[in-house]
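Next come two complexes, and both contain subunit A; in the first it sits with subunit B, in the second with subunit C.
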Partner chain A sequence: MSTGFFNEFWISKMMIWRGIYTCLFVSFSAILIGTLLGIVVGLFLTYGNFFTKFLARAYTDIIRGIPILVLILTFYFVLSVIHINLSAMQAGITSLSIFCSAHVAEMLRGGLQNVPKGQIEAAKAVGLGFLQTFFFVSLPQALRQILPTWTNTAVEIVKGSTLVSMIGVVEITLVMQQIIGRNFLTMQFYALAGLIYFLIGFSIERTGKFVEKKVAIK
Partner chain B sequence: MKKRHLYTMALAVASLLATTITSVSSAHAASGTLQDILSRGKLIVGTGSGNPPFHFLDASGKLVGMDIDIAKSIAKGLFGDENKIEFVQQASDARIPNLVTDKIDITCQFMTVTALRAQQVAFTTPYYREGVGLLLKKGGKYKDYAALLKAGSKAKISILQNVTAADYVHAALPKATVLQFAETALIYAAVDAGRADAAASDQSAIAWLVAQSPKKYADSGYGWMPQSYSCAVKQGDQVWLNFVNQVLNEDMSGVDFDAYAASFKKWFGVTLQPPHIGFPR
Partner chain C sequence: MGYHLDYAVIWRSLHDLFYGLGLDLYMALFSVAMGSLIGLVVAFALVSKRKLFRVVSGVYVTVIRNIPLMIIILFIYFGLPDAGFTFGEIPSFIFALTIYAGAYLAEVFRGGILAIHKGIGEAGMAVGMSGFQIIVFIKIPILIRSVMPALSNNYISLFKDASVAAVIAVPELTFQTRKINLETFRTIEAWSTASVLYVASCFLIAFLLRQVERRVAIPK
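Let's turn to the complex of A and B:
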């Protein structure tokens, strides 16, 4: 059955490529949507009134306390009970986005609250309004501060995307399982999967470091 | 401030109501799975993709196997075209949830018929009879079934994750340690890696594996736990269930016997005798 690893790899190269594409599509969609949503929640967490702050706090705490796999299964199976039928891909991206948003929200809150109070007072003193203070004083510093953690979360999401294979999204992990199902070269192809994930994670991390250096205040 | 909160809450309640109403009305508009499938123009089948010879991807990346052939025969019965079919990839433990939540019309994924499962889904006529066997590493610690039995709790047996998995193993090896894995490939990987001494798996799969790599694997020579494999549909639609049963019956003993026998030969290496003519049993 198996004709050696390299031959099997060559036969399966298109499958693996499609798996990588799906993994990147799911991960980057989730990171993008999750970051945008997370910024909104994070702003409520920092500047909201009692009611919105409470909702944002409940959202982040509940989501951060739930494992990604449980979120994925919830969005795929439980929502069907109330006739919201998400496809496996939609359910996967939605759950990863929501997971990502809770982490981004918490990061942003931390970043914004870490800006020294004196600076806000100084901004007020020179006549900046709330929005001006936010955009020119707080946000640029907060973004710089959260960049390393954000990169970390992005890598976390890529790793979390392996779990969408559980509901049948054919990403890298499931592609490898399919290939192994045919040729039983278990170690070789799982090692290959590990290598691919490492390369994706490493690239994200290096890009993050590069951007960090670029935007650092000297 | 208060007014705005009231407004937000009213909006939330209204949208909730709207979704409920639309979802309820859409849920009751349909009438019958068979009609739904015919007007949709394709059959949606839940199955796996990593378990030869039942469902796996061949070298060209095409989904093949006995389960796939059975699903195709149903599509052929529906549309006269075995390719009007969409396969939904699912893990074994998603078989029942996917049916219950209407993600798929039918699941054909070497599903063992049990009374417990029959309380949740409706099984079709069985299309294969399976038994459990033990796959050993050639030249490994234990040579055969007797050696595993003698080892007691020291023998580690890998098996596909299942509610009844531990009982399966203990029926043959009462004291053995059971290791459960989520994917079939992993139970063999456990044997390869030496984490398990033997893999409890379908006799058809063991026969397939030993035939594919006789230098790597050996059969323990023991089989137990006869079981039937069926497709399953959601409960409550007798018309759809009857339709599938009729297709399967004709596959196995009627006009579509030749195609079924060809699949059987291809995946299990067994040539079936044609059904006798005359009294239909």
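Let's turn to the complex of A and C:
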């Protein structure tokens, strides 16, 4: 029998803490790997030749057409069939990274293509090579432009990380389900989960806004 | 590797898969329609002159946008019965997705309202329309036409979010696929079919919405 919300919360504080840690670990690994992978795919999408551009386009369009939950379940079940044995957490991080990479690739392409042509020409005029133009002219502007969208994607990944509870990764959602299974305080503990996710998402959003202001061109 | 592709099982359960896809579309359509209405109202509250409206709608949008859909669903489906509100699986999912959609679409509409030229509302005032009439007959039509591209992106991602209904055992596509996977162990076949069905439906929806966008686009 349950002994009141605060008592139950106190008893399970370590479980919840570990759940938060797992959630943050999964999300941040996925955001990091996904962003790096997404930058590579985004470069192919923008500067690739016909063949690589086509491959990158197919990759982003297909991944963006599949729900996160299906990606997670697919990676978890299918990879083990073809003898790539990943733990549930690794499978979860992989699928979230791939989801993230498709979104980052698409926004990077948009950002790079929005850099005014005159600037590229100006860079050429002062004698910058392709790489120099990219690193000193296009990329800084593109990054500044995609920052708000990127922050949104980061929040989406944290929210998407709830779905890895479906393959048995003990993050916040699954921890709450375990706690509720013991004390039946359903509303209270799901509300607590909502509060925790809100705090994580809200701080990412605020940090993003802060950085946006810092890097904005005055 | 000892694994031979065999799509016969999928072929036999194709009916279940399409039923699941239909259920996804049905739930998404219902929630998106109601979510759009909520989104419109909330968007006008977000830019309202009254502080109370702005605060309440701002809290709704910020809170819901930062809470995962899965938590909202679990709360509504498992939590609310404790408070005496019991819904079936499908109604509670539609309820959850509607609330979720409302917050996302409100943001989209808000951007559109801010982009409407001020003179247009003043013109409405000049011909003697009330504030309500200006909103309904002038601002909303312009708004919907101008935010259509952003709206269709959100519609597609809300359709994909319908897959989360599998967590409360709504027999939609993801749930059916997992069932086939666990019953027959035709893992690759099941998940590849589901992925193809999702990608194809997303493309189809995107295509249809693009036709609508072209129709309603404001001529330059």
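Just so we're on the same page, the second predicted complex is superposed on the first by the 218 of 218 C-alpha atoms of A that agree within 3 Å, B and C clash if a C-alpha of one lies under 4 Å from a C-alpha of the other, contacts with A are read in each partner's own complex, and residues count from 1 in each chain.
The rule is simple: a contact is a pair of C-beta atoms (placed from the backbone, for glycine too) under 8 Å apart; a residue touches a chain by one contact, two chains touch by 3 or more.
Since the model is a prediction, treat every value here as computed from it, not as a measurement.
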* Based on the superposition on subunit A, does the combination of subunit B and subunit C result in a clash or a fit? -> clash
* **First, second, both or neither for A:83, with subunit B first and subunit C second** => both
* **subunit B versus subunit C as contact partner of A:120, first or second or both or neither** => neither
* Asked: Which of the two partners, first being subunit B and second being subunit C, lies in contact with A:62: first, second, both, or neither?
  -> second
* Could you look at A:40 and tell me whether it touches subunit B, subunit C, both or neither (first, second, both, neither)? => neither
* Touching A:70, do we find subunit B (first), subunit C (second), both, or neither? -> second
* Asked: Touching A:168, do we find subunit B (first), subunit C (second), both, or neither?
  -> first
* Is A:202 contacted by the first partner subunit B, the second partner subunit C, both or neither? -> second
* **Touching partner for A:187 - first (subunit B), second (subunit C), both, neither** => both
* Asked: Taking the superposition as given, does A:155 touch the first partner, subunit B, the second, subunit C, both, or neither?
  -> second
* See if subunit A has more residues touched by subunit B or by subunit C, and give me that chain. => C
* **Colliding region between subunit B and subunit C, picked from 23-31, 41-49, 59-67 or 77-85 after the shared-chain fit** => 77-85
* Structure fact -> So the subunit A residues that subunit B and subunit C both touch are 77, 80-83, 166, 177, 180, 186-187, 190
* Residue numbers on subunit C that touch subunit A, as the complex places them -> 1, 3, 62-63, 65-72, 74-75, 78-83, 160-164, 166-167, 174, 177-178, 181, 187-188, 191, 194-195, 198-200, 202-203
* subunit A - residues contacting subunit C, complex -> 61-62, 64-70, 73-74, 77-78, 80-83, 155, 158-160, 162-163, 165-166, 173, 177, 180, 186-187, 190-191, 193-194, 197-198, 200-202, 205
* Report the residues of subunit A in contact with subunit B in the complex, numbered from low to high. => 1-2, 11-12, 14-15, 49, 51, 77, 80-85, 88, 166-170, 174, 177-182, 184, 186-187, 190
* For the complex, which residues does subunit B have touching subunit A? -> 1, 5, 19, 23-24, 26-27, 49-52, 56-59, 61, 88-91, 94, 97, 101-103, 183-186, 188-189, 192-193, 209, 212-213
